[in-house]
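Given below, in the form of structure tokens, are the structures.
Each of the two complexes below includes chain A, the first together with chain B, the second together with chain C.
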Partner chain A sequence: MKLKKNIAISESGFIFNPEIGTSFTTNSLGVAILKQLKEKTSLDKIKDSIVKNYDIDPITCEKDLDDFLRIVNQYNLLEEQS
Partner chain B sequence: MKNKKTITVAVTGLNAIDSPGPGIAVIRGLKESDFFNVRIIGLAYEILEPGIYMDELVDKVYQIPVPSSGFDVMLERLKYIQGKEKIDVLIPNFDAELMTFIKLKPILNKMGIKMLIPTKEQFEERLKGELNKFGEKLGIKVPKSETVFTINELEETLDDYDYPVVIKGKFYDAYIATNIEQAKIFFYKILAKWGAPIIVQEFINGNEFNITALGDGKGNMLGAVPMRKTFLTDKGKAWAGISIDDPKLLKMANDVISKTKWAGGMEIELMKEEKTNELYLLEINPRFPAWIYLANGCGQNHPEMLVKFLMGETVDPIEEYAIGKMFIRYSYDMICDLDKYEKMSIHGEV
Partner chain C sequence: MSKLKYESPIIKQINAGITSKFGELNSLKPVTHIANVSVKSLIEQYGSPLFVINEQTIRNTYQDAYHAFSTRYPNVQFAWSYKTNYIEAVCKVFHQEGSWAEVVSGFEYQKALDNGVPGDKIIFNGPDKSDFDLKIAVENNSPIHIDHFDELYSLITITEQLNKRAKVAIRVNMDTGIKPLWDRFGFNYENGQAWEAINKIIYSNNIDLIGLHTHIGTFILDPNAYRVAASKLADLAINVKNKFKHDIQYIDMGGGFASKNTLKGSYLSGTDLAPSFSDYADNITQALLNAGFSTEDLPLLILETGRALIDDAGTLLGTVLANKRSADGRRSIIMDFGVNTLFTSFWYNHIISPAQECSLYTEDTVMYGPLCMNIDVIRESINLPPLNKGDHVVVHRIGAYNMTQWMQFITLRPKVVMIDTNGKTHIIRESESKEYVSELEITPDYLNNIDL
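This part shows the complex of A and B:
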């Protein structure tokens, strides 16, 4: 899973997709996840870093991460899977 | 730039209303030219076009006859105006007037008035009723559409379409009808306002994108900026928009301009189908769009480039533009003295 390379991520949580001109807002954790996706970090590593830095168990983390990624996909921010 | 050359440019489309003409946006670009000091002659059809009263943008205004008055009437008026003003360049900004200016072009050229506008053939082949053929010629997908003149033809045509369907006027207006009764209402509404023919077009569900582009008439694209409308009025006009980065859109603009050898400004309206991500050509407007000032804000001053080209200056094509620049329109009440309105009413100039 990879974020489209031209997606602009601001530290404030403002996300801009320049290809279609849409924008979204997210929180600091969302920014951290999107940045890692942009760097092609694996989902397992992203999940591990969240579990390590936040008070959350691995199962809940996986579920929440799945929900977040589904939204990210709906917003057309991910590269199409070949 | 010091010692800017002073030139006179006539501009139509001063109707900066809720469904605005492009004139004021074109004038703003010209007034911000680094190359020319531009004196603006406004050409207005109605005496309440807001641009008439914008003294900081328009130096002199003349009322001109509506296109339906005929070629000769328009020519006489333009001769009168040219006798008083030395117009170097004229930029028409209405679809409905363009055919008159295409016919007048050789005569106006002899009078010293230059225009960068499409030919009659270019103008006609992108007409809404001809768009399917145009798409085939250029290898661009176009929603299925047909031209109808009567209510019986509309009913027969609708048998071949699924709902919703788009009902469009030949120059302006488009409505989405979800059943035959709505389609008939829109047919009569458009017929009363703009006349026949009416266009029935397949509805494509997706996101609409627009491109403003400038062609030199020799197949070169001098500039192009794509945008997505982010806020629409109830008439479907852009009240806000944002410049975007999509090479596919720019390639399509380049293809259209190079294959048609388009001369002047154009607006390409496209729909990206949500289901397939395929691009469909909805319309080509043969002039600058009302949002042309966004291109200026993105670093491409198309009205200035057009004038430079006509005045024989070198115009290098520009490919770069700022992405993520937004425009937002606003309403503004001007306070005007009655004497200006009086002069326009009585003398047709101010």
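This part shows the complex of A and C:
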């Protein structure tokens, strides 16, 4: 799973898709996840890093991450899966 | 190294179109305390969901309302509308402040007596008064507000039987420019029915006409409607004086002032729309002062304000049971209170705040209650920050009509606590138990053999 190449991510959580001109806001964990996705980090690694750094149990983390990615996908921000 | 505080990741599209100018900024700011008592500690001590009444807010609101009228008119009396919230402790705060009682059933009447309100300060309204109720009201010298001719005839018979006079007012309905016109209660002004009822009463033997009453509707956003209504009642009172040389002692304007809640379907929020007590008072008192009464004949002005006096003092605390995504991708959240507990969610888009620190990122969310029923929706659409299972929320302005219209349906009704003016909490209504509900049931013996 990978973020589309030209998606811009700002530290403050502003996301811009220049392809179709849509913009989004996300919170700080959203920024962290999207950045890792851009670097092709695997989902397991992303999850591990969240559980390591944040006060959260692995199950809730996985559930929230799945939910977040579903929405990111709905917004057309992910590369087509090959 | 200590870990960072977790908040679910969220993302939402920024829409270029019109954004609502009246967004619910209030719901984004966490509300962690009610009257300096922490929400977390309240829920730990008393459970969730939990109704909380802030006594100081009741007193402040009452005093504001009283001040608005008493600074404009010499003779003002509030009567607490029991149906709006008849929990004893709440009624007694109003009675301590000087309110009489306004009741609409034998049950409410008895509650007012139990609360120590003298009979002559219990106003008996409504279409449902049995002969038994009427007798008690006559015995206690209570003002009886007659709703229909059948009631008037019953009362004539009862006063003859008891050989005791009754004190009455008639309820008048009228066109004040407000829709819908509440013409099912009382006697109509425009078609002469009210005047006919007045004549009948004046010519009857045992019945004294002491007042005129109206209640033009509820959540009336146009204060001018009250000016129209007060003028029409004043006009009747002056006609009575001219024709019969009889003084009407009071004019009762009923309830109906809007609270600051936002009605469903309203584009503007209630805080922007609701007139102030002063707006209502201006209209009513000017109509009475300019009606042509001589100064010594100015009638007592009675007000039966309900929701506007208690909505702000009540909050409901609740807890998140789960987060979900609906099929179309919208976020939904399931709370531990539903429309059974928060009846007014059928009328209002209640403001709901998170009760713990959270981010400013919000998502459009559907808020459901816990009932296994499709109608159990608290808010069809509310912007909320991410909330985790077990997080708490505060529902604002729920003091009116919930603690009387709540349903024992699927779950049991929760506790109600009052925070007193010193910040001390008191349970003023216990949570229901299975035993409390079962107590009323009687199972025929032959059904007690169950062998599965």
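Couple of notes before you dig in:
Simple rule for what comes next: the second predicted complex is superposed on the first by the 82 of 82 C-alpha atoms of A that agree within 3 Å, B and C clash if a C-alpha of one lies under 4 Å from a C-alpha of the other, contacts with A are read in each partner's own complex, and residues count from 1 in each chain.
Simple rule for what comes next: a contact is a pair of C-beta atoms (placed from the backbone, for glycine too) under 8 Å apart; a residue touches a chain by one contact, two chains touch by 3 or more.
Because the structure is a prediction, the values reported are computed rather than measured.
Shared-chain residue A:E62: touches no atom of chain B or chain C.
Residue contacts after overlaying the shared chain place A:E19 against chain B, while chain C stays out of touching range.
Look at A:N6: by the touch rule set out above, it reaches chain B but stays clear of chain C. When the shared chain is aligned, no partner comes close enough to touch A:D48: not chain B, not chain C.
Look at A:I71: by the touch rule set out above, it reaches chain C but stays clear of chain B. Touched residues of chain A were counted for both chain B and chain C, and C has more of them. With the contact threshold set out at the top, residues 22 of chain A are in contact with chain B in one structure and with chain C in the other.
Across the complex, chain B is touched by residues 6, 8, 16, 18-22 of chain A.
The residues of chain A lying in touch with chain C in their complex are 13, 15, 22-30, 32-34, 50, 53-56, 60-61, 64-65, 67-68, 70-72, 74-75. Here chain C touches chain A in the complex through residues 3-14, 323, 325, 329, 359, 361, 386, 388-389, going by the rule given at the top. By the touch criterion given at the top, residues 207, 209, 227-228, 230, 241-246, 272, 323-324 of chain B touch chain A in their complex.
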